[in-house]
């Protein structure tokens, strides 16, 4: 049982993926039922495991590939944090996507790769060894490409190309790092950080840098972020998934793994690589916000905001202290909830009102109150307005910064807050206060589109208001740090 | 799992009740008539302030663990706030035009109220911050409610400063919380004294709270926001909301910090400069706004001086809040007045309140001033006394403007509005008498002493004399927002869009050209003469490497 | 100078000639011939070098015979290819290699 | 009858039958022979797995006089590889090589040549005698050249001719080396040569044989004959040529350097080989990027992929053989051989399907075919994953093992070449993928049956599974390996 469960969870998205590929385009009902059903099943399994793991249980499943190549699935607290996020948002995004696409073309292909993408994310979350992490990391890279290119027009193909253009060299760097490391230490399991004694410090730093480049591409660390805004050519559900759950989160999660499970916080501090990484993350936070200010396309602005927001997680990991760690981990979930809300709403504006640019938002609040309210909640959460989700993360990151003897982090957080306000509040202002254009149209009579947004918006409010309770992401992050990463 | 709530449920109810009422407009059927909930929203707070039992309340699962407790100074302000909001709510309920916008206002009105009450009840940093954010950001909707160009412009200034303030606060509080390794406000305040970054933290806090409390030079939003906000909005802004900044300083400023002097200096500056600058305004609400800045200056001076651990400042704020609230409401009342009799009555009432603010003996104002001076350095004492003159002057100017400004809007029930304002004014007059013994250690008869009465009286008379001159030869009119001329919306931010990087195409083209060129040697290699030669060369090379001679 | 050495040297000489032809000639038939030269040279050398000690050694002889068979079949295929290619292309040289001047234009064409 | 003999005899008999019988019956006979050989292969695999190395002495004559055949783990694995590819190709060829598609002559010629090729491959894989290997190699080359030529177009014939020249030159060099070896030691049996006492001519012999084999393996810079030949042949033939044929000559190089004359393998020579390999990886990839036709791209990618194989020499060859990482590197190279064979066959078959659908393999004409032939596009993509060496493919296992070993041996630069090769592969395989994925399709494609599309998909899937379940083949290939350090790193 303990071995079966992780595999089962992986299968809940892998099997539908494979089946979906072979479904004819017409069989909407079957396809939707399959995807929704498996999403629900997966969620149920995860809830069951949450309870068990909270009680201290650990699930493991190992598949030896070749000597030194062990595919290890391990369900521990941190894995569950990520996997439960992805499972929840997967369900919602599936509902949303079904409504979004209606009966457009190539749906079997889309949902196939969609599920594959989630399978990869799941595997990534459950990976218990470096090599299995890499394995799913690559699986994610590839399964995302068709999603980005889904529209198959010039823009999306270019976007897809630039995605690979960034991702594959990143993977090469990652593999390079892994092999360099493992050729000395042997296979690395996340359960026990390897003994780096055999490697001289400078090589260690080089390996660390390679690791960060590898995962940094996905985490969209400046200057490796170019693909992310370009990927906006993808359909809204994809953007939502990309930005909230799958790709960027994989990168951020990777940073956490590298810092805490591969090198170990202590080593990172001793090597003196934590502060540079934190600085890079800070640079990304600010740069992303500044670029976001300059966009007048809603999705592009959101994209750059992702660049900035995801680096909060990296920052938390880089500071390598308990508080910062909590902040980073909890932002993994919080950013997901808020950002997916924003993308859901952006998609609704596009789909129901044909609005892509910011100046089109004028006065939409009156006509699309639910969507606009969700959008506002998400945006204010991003700004870090209490008691929304973003505030909680920011609070812990700030504490962590001071604790780690890096009070300049406060300045970064402050600047980022102001910048976030600067590029989000004008949107809300347009939504609620400016008069709509004469030819304005659009409604939100599409419950299946709006409902997911409402749920996630409520979620990003709820996780903030109930942060202190044990069942909240914050509570879980605390648990992780207490059990796994207590200094 | 620990209990959801420990201790008295009242403080929590005080905060939740307005939030619940604030949801009323969500129901379309109720949306239009929603303003009627406004006067009800603060009632639990009022009751709690009057009969509330001391003692802490904890909700460990909320946000980061919510703790509520009414500190002594906080209790005074809580009551005052509740009173002001009740009166203003009553006024709003009767005057707001019924539209879907009213619904939005009601929602955020209640949110602001909850936050405003929260800052006086919070016992832990996070709850305080949450409440503070609520009061300062949600109040933006009160400012921009009319959606006029000037309102929106003022709103931009307001929100910018508010967000900046939030950010500064968060930074400061984070330093404090980390140093104290606790979220308890008391503990944080302690640690701010000796923490390595304590100085920085206090600076951040002073700036953050100063913005809200109208500390010169961070006060610029006040004179912009008040004239454009609807009357009840201005009332709560000036009466209650600015006090959030005050309580913040009272709660977090560590004892014996060097910033006390700074506060005193800036407070003094504000007290006089703002009052005089107010004379350049014509809009009565703008004049009142400047008077608020000057009054807040006095209170900040008291905070800086740390008199009676802030009790004095709180006591002073108690009176000023209600009086100023009443004055703003009376502006609305005056507008509603349709007959000369009503107008006259309004002016009389306003005059009475104004004199109380100026500190005419036997008024509530005189009492709080007397209590405030106790324990102040002589110079400061004289300054406070002298400020009575400027206060009288500016309020006289206000009454003058109120009298000459005539744009009656019929259809309002003057009596009902006047009653609300009058009750609040009465509370302002009497509350200091009632609370005297509790708020200060001075003897009960102290305010009746001749010397005290004289100190209170002469500035008022001086002020009236000056006022006579000023009203005859008014100061030139200047736009509100002294230090700031409201700028156009920031066009800079929407700079020309640069394309998102896909890949350096020039480089790509070069590479392709290089590839094409690479095909030439490939073709050359195909010639057997070349390839065969290479083959022979390969044999020789291998042979050289393999044969050991 | 034993006979074996003569054989060996002759074989080596044949190989050398063959290689020269292979590199020098462009005409495909000549190349095929060159291959055969090399092949024969090698077999000759093999026969000579293979004779170990006294008496005949069966192994090289068997191998040589096999090799000759293989070479024959290879030659057959090669010539066939040359012809077919010449029919199709109109000349008996590879496209990347320019015609030889003395070569008649219609060589092998029908 | 011995399984070892069966895998050699059955294809030969099938070839004869295919020639002798009238065309339609001939095809059936060929398919039957294919099926039987596949069965025999499985039989052999089980035998090797259960009872270790399978040997047979022909005619009861012991080496050096007689000829011995032996299938160790490696040989058996290669035989299995060819069986898999042959089976797939045979299924695909039933339609692709139908007379109405490629003309009667090609349709008739294909089957016997294919089976002949198969027999030759298996012979090479199990021979332990250098001259025997020569014969097998010749047979292989002749069949391969003929397969290139059966298309009958001028370009194909020229390519075949060029191939012929290189092949013959290669075999003659090899033969020269064999002669020298025999002259020095009086035996050509690999086992006995390993136990010989060194002679001065050994170096020259090894050099000649190696050079000849490099030419036959199409290792840079002797690769120029390969792309036009493989691209010019009919798709099923290309699949065989690219997937299997070069592996035979490579296997001989391997046996020479690791088993027959390991003592000769000086470090400089090993580095030279690896250098050629690195050159192949980079040059082949760059050329592939510059191509405009799908089959040319795939062919050049073969040039690049073969380059990886030579990187094993300095890591696991010579003194490295005794090191703990040798097994990893060596097995990695073998994984590369197997997964490349499967993936490349899948790619050429997909290309063939596209050719059948739109009658051209110019990239411009393939636009939007992912929509009309999704299975094929998916097969191509999976194969691409293997060639890029991305997990969880066999190509990844290969790369991982070899890179790890390279690091362990302190030769990180070879690891760098492999990583770079992966990126270059992504670069040249991206163009076809993007084109297939484009929205608008210019040419209305002829329908292709799902059954035909399934074949490449299965082959590509196999190349992936090879990575997912790489432990059993890893163990299997250690069977009967000289100085096999059983556990890798």
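Labels for the chains are A, B, C and D, by order of writing; each one numbers its residues from 1.
Everything that follows uses one rule, which is that a contact is a pair of C-beta atoms (placed from the backbone, for glycine too) under 8 Å apart; a residue touches a chain by one contact, two chains touch by 3 or more.
On a predicted model such as this, the values are computed, not experimentally measured, just so you know.
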Given the two chain pairs B-C and A-D, which is bridged by the higher number of C-beta pairs in contact? A-D
Whose C-alpha centre lies nearest the centre of all protein C-alpha atoms? A
Geometric centre distance via CA averages, chain C-chain B, whole Å: 101
Taking each chain's mean CA coordinate, chain A and chain D are separated, in whole Å, by 42
Give, as an integer number of Å, the spacing between the C-alpha centres of chain D and chain B. 78
Just give me the whole-number Å value for how far the CA centre of chain C lies from that of chain D. 28
List, in ascending order, every residue of chain B touching at least 2 other chains. 526, 528, 532
Where does chain D touch two or more other chains at once, residue-wise? 162, 165, 169
Multi-chain contacts in chain C, i.e. residues touching at least two other chains, fall at 22, 31, 94
Please give all chain pairs that are in touch with each other. A-B, A-D, B-C, B-D, C-D
Sort out for me which residues of chain D touch chain A in the complex. 327-328, 331, 368, 371, 374, 378, 381, 385, 388, 390-392, 396-397, 399-401, 403-405, 407-408, 412, 415-416, 419-420, 422-423, 426, 430, 434, 437-439, 467-471, 474, 487-489
Touching chain B in the complex: which residues of chain C? 19, 22-23, 26, 31, 94, 96-97
Mind pulling up the chain C residues that touch chain D in the complex? 15, 22, 28, 31, 35, 38-39, 42, 45-46, 49-50, 52, 57-60, 63, 66-67, 70, 73-74, 77-78, 81-82, 84-85, 88-89, 94-95
The residues of chain A that touch chain D in their complex are 21, 64-69, 71, 106, 109, 131, 134-135, 138-139, 141-142, 146, 149, 151-153, 157, 160-161, 164, 168-169, 171-172, 175-176, 179-180, 182-184, 186
Touch list for chain D against partner chain B, complex: 162, 165-166, 169, 173, 200, 202-204, 206-208, 210-211, 214-215, 221-222, 224-225, 228, 264, 266, 268-269, 272, 286-287, 289-290
